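Okay, got some structures for you below.
Look at the two complexes coming up: chain A is in both, with chain B in one and chain C in the other.
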Partner chain A sequence: MSRINFDHVYYTYDVSSPLPSVALEDISFTLEGHFFSAIIGHTGSGKSTLVQQINALLRPTKGRVIVGEFEINEGKKKIKEIKSLRKNVGVVFQFSEYQLFEETVLKDVSFGPKNFSDSDEDATLKAKNALKKVGIKEEYFTKSPFELSGGEKRRVAIAGMIAMNPEILVLDEPTAGLDPKGAQEILDLFKELYDQGTSILIITHDMNLVLKYCNQVLLMHQGKLKGIYAPSELFYQEELLLETGIDAPEIIEIVKLCEENGLSLNRKEIKDITSLVREIKRCKGK
Partner chain B sequence: MKELPIGRYTNYDTFLHRLDARFKLLAMILFMVIVFLHFPSRAMDFTFYGILFLFIFIFLKIAKLRFRQLLRAIKPMWFMMVFLLIINILVVHTGDAFYLFSFPIYYDALFNTAYIFVRLVLMLAFSLILTATTKPMDLTYALEWYLHPLTWIKVPVHIIAMVISLALRFIPTLMEDTDRFMKAQASRGVDFENGKLKEKVKAIISLIIPLCTSAIQRSSDLADAMEVRGYDPNGKRTRYRIMKFTHRDLFSFLFIALLFSGALTLSILGIDFYMGILL
Partner chain C sequence: MKAIEVEHLSFSYETGENEEKKNILHDLSFSVEQGESIAFIGPNGSGKSTLMKLLVALLEKDEGKITLLGQELNEDSVDDLRKKMGIIFQNPDNQFIGATVRDDIAFGLENRLIPHEDMEDIVREYALKVGMIDFLDKEPSSLSGGQKQRVAIAGVLSMKPEIVYMDEATAMLDPKGRKEIMELTSLMKKENPNMTILMVTHHMEEALLCDRIIVLHEGKAYLEGTPLYVFSHEQELKEIGLDLPFNLKLKSALKKEDFSFDEDEDIKEIMKNICHA
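Here is the complex of A and B:
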């Protein structure tokens, strides 16, 4: 069971400088149980800043964050606790493909588990499994990470985090710059991990993926949390979307059109084209 | 990481910010020369240091900079100063002395240390004020302007200036990258502060390699971007921003010139206000 709780969290960059910039303002929410959630919001709305509070890469300027049994507040915590917090919450960064550094793909992926004091064999085994999961073929294991394409590098970086087997996996725009099929594959992988018990929190600008995969959406706007919604509710709230600069998936337009034409669709069921077609058929069949 | 940008350009619109970069660069050099002038007595030396500190204080006020920033820049020097003091006490054996637990300490040793300390702080303060009030780009333009005569002996001044301005432009990018890579590797369990030597080395490697590859990647991208937009290193360059010497600059220049020549005269003629009574 995973639990993330934000309690009136504020974060300001460069507090003591002449130009402080407020990135988070009075954020309070709780994610509990087994979740597959998304954080969305316009660029610069504070998504990345929020996510970095979760594994104490940034500490709140005010307020506190509670993750499982760990409490993160303004003060300093002992390193040991931070390390086990980071083992429980894996954060994959925006542009994660640039963080690779080892001679081979396999070594790079086993770097994480080794840092958390796994033996070499254990780490290698976990790395191999993780690489298979993200769809990297065995002949790539001994290649240098610098010889891979951008998308492959991204997968390797994600594998690096999966190999650590965190309870909560947080990903900052994991699909940016991937082709639609690649993005689907990555999200399918997260779905698989989710089904196996990992909780997932992703930041994304791709609303189609949000609708299809997530069961909760945190909407950020100018450093504040607008609210937590179910995707099937959020994307029908036109005013809210307009205010926060979010474009609903195109499929929503089709749903609305169908409804105007007298079909009473079950909005909760509609997550992508396939489920929309199924819904329409169900209505027509009646 | 957050503490690094000491003397970073602050985007205010004050008198000091609006001054011509060429003049500011010259003024800083003149101030530095005053710092290193020798006056006939210590009392005179420290009087001038006092005057310079007064100027620094006024400049900081005008430019809306915080005094704290300067203090933070000085902080890492304490260790060096203590070290220097010990060396001076052990080495300098001239002039009068007093005894501390029957160990002779010469006043000259103390003064020597004080001189070095005060001069360093002054230099630091002036350069901090310069960089905090002048855009890096303007500073390179100023440098290029002063180096311009070198084109007569075929020194490629504008290429040098371009290299400098590109290097300056990459500093914030590299700092951002460092910050990001540190966080990314920290998420993978790297501990940058603690650990044995071997772990530390590994931690540094996990940072340096991505930094280098991304820097090389970025510079090659930038080179391509410049090339497709027609950058020719040997072409004749025009300038987007024209620097103008205004009344404001002239007035400030006269003031600084007066101060400088006054200090120079006093120093060369060896005039002592205190007639050797003090120190």
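Here is the complex of A and C:
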């Protein structure tokens, strides 16, 4: 059972400098059980700062973050505990190419499992499986991760986390830089992991993704948590979206247009084009 | 005049001893008129970033000929040509030189010998255009992903280069931010009719707004033409892992379910008619 709890968390960059910048202000929420959630918000609203607290890359300036049995606060933790925290929570960062560092793609992805005491053989096997799942062909295994294209690097970084099979997988913009089919396959992979028990937290600007896959959305606005919503409700709240600078997915406008023209669609059912067309057919008795 | 002429371009990266050499670009030819905007789309690893780097001579071609603004790109012309081009890299961190956002935008202007007294005004003008005016004193490295991309865009556009290369320059922006940048580039093109823009993108909505699309696949131009032409090839695009913009995808899905409508009509009209049918 996975649990992430933020308890009045504040974070300020460069606290003691003449130009401190407040990035998180009084964030409190709990994600519990088995979740597939999203964090959304305008550029600079604090999303990436927030996720870096989850694996203690950044520590709250005030308040605390509790992930499973680990507590992250302003104090210093023993490294050993951080290591086991990072085994349980895999985070893929927004500029994930900086997470790559080994000589070859395969070594890079095996590093995690090996570091967490798998045998070399097991680690390699897990790495190969993970790479296959993210669409990296075998001929790339011996390449240097620095000699990959942008989208290939992101896939390898994602594979690195999947290979560790964490309880919670946190991904900051996982589909940025992926081609449309790649993005689709990666999301289907997350869905598969979710169905097998992994909890997923995605930071994204892709509202189509949020509508289609996520069961709850955390909306960030200027360093604060505006609220937690169901996607199928949030995207119809025009004023809230305007205030927080979010564009609803294109499909929402079509749903509204159909409603204005007499169809009574079941909004909860509409998650993508396929389900929209299905709903229209139902209404038209086709 | 042609802004870009690429003839029979081939390129492969250096490989280790045991690796097979692989042609990333293979006998690629295309040309771009001055003032045109072109979107390059293609699957991950299809060579889009490689092509951009070849066009600014950060990589050296194996074979073929590249002519930019009427001059062949070679050792003698490269310095002169670089002054007329601006590139926004896929990762904005590879871009930043200045200690502050202000310095960073100013740096490019200095290089182009813009008089000092004009500099601050230009820096402010472009920071404002990309929504970063409140961040002029910040270090570029301490910005959020989307903020970095906005600064990188301001830095290049402020120099008004004759050819602008944007390699997934908006990948970390939200849809609203992407629209704003597209509006900014089209405004710049109106003010500078000779400005040529080449953008690499995975967002089909962005490609739709360009004059022409070139689809890269297996080192070649797989499809090439107006957005309408390219996006009329749904099957061919799907085969290589690409997609249609939302409206066209919706039309295609409706058609498959036997709704009948005039395909050239606006999606809103189509939906209204379907509702009332």
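Things to note:
By our rule, the second predicted complex is superposed on the first by the 282 of 286 C-alpha atoms of A that agree within 3 Å, B and C clash if a C-alpha of one lies under 4 Å from a C-alpha of the other, contacts with A are read in each partner's own complex, and residues count from 1 in each chain.
Following the convention adopted for this analysis, a residue touches a chain if its C-beta (ideal position, glycine included) is under 8 Å from a C-beta of that chain, and two chains touch if they have at least 3 such contacts.
Keep in mind the model is a prediction, meaning the values are calculated, not measured.
When the two complexes are overlaid on chain A, chain B and chain C occupy overlapping space and clash.
When the two complexes are overlaid on their common chain A, residue A:Met164 makes contact with chain B while staying clear of chain C. In the superposition on chain A, A:Gly245 contacts chain C only, with no contact to chain B.
The partner that reaches more residues of chain A, of the two candidates chain B and chain C, is C. In the superposition on chain A, contact is made by A:Leu178 with chain C only, not with chain B. In the superposed pair of complexes, A:Ile280 makes contact with chain C only, with no contact to chain B. Judged by the touch definition given at the top, the superposed model places A:Arg86 against chain B, while chain C stays out of reach.
Judged by the touch definition given at the top, the superposed model places A:Phe95 against both chain B and chain C. Once the two complexes are overlaid on the shared chain, A:Cys258 sits against chain C while remaining clear of chain B. Of the two partner chains placed by the overlay, only chain B lies in contact with A:Phe146; chain C stays clear of it. Of the two partner chains, neither chain B nor chain C is touched by A:Tyr10. Among the listed stretches 1-9, 19-27 or 91-99 of chain C, only 91-99 clashes with chain B once the two complexes are superposed. Chain A residues 13-14, 19, 94-95 lie at the interface with chain B in one structure and with chain C in the other. Chain contact summary for the complex, chain A toward chain B: residues 13-14, 16-19, 52, 55, 57, 79, 83, 86-87, 90-96, 98-101, 111-112, 115-116, 146, 160-161, 164.
Those residues of chain B that touch chain A in the complex are listed here as 2, 5, 8, 10-12, 64-66, 68, 177, 180-181, 183-191, 193-194, 205-206, 209-210, 213-214. Within the complex formed with chain A, the chain C residues making contact are 13, 18-19, 42-45, 48-49, 90-91, 93, 137-138, 142-147, 150, 168, 171-177, 202, 204, 238, 241-243, 246-247, 249-250, 253-254, 257, 267-268, 271-272, 274-277. Chain A makes touch with chain C in their complex at residues 13-14, 19, 21, 42-44, 47-48, 94-95, 97, 142-143, 147-152, 155, 173, 176-183, 205, 207, 245-247, 250-251, 254, 257-258, 261-263, 273-274, 276-277, 280-281, 284, 286.
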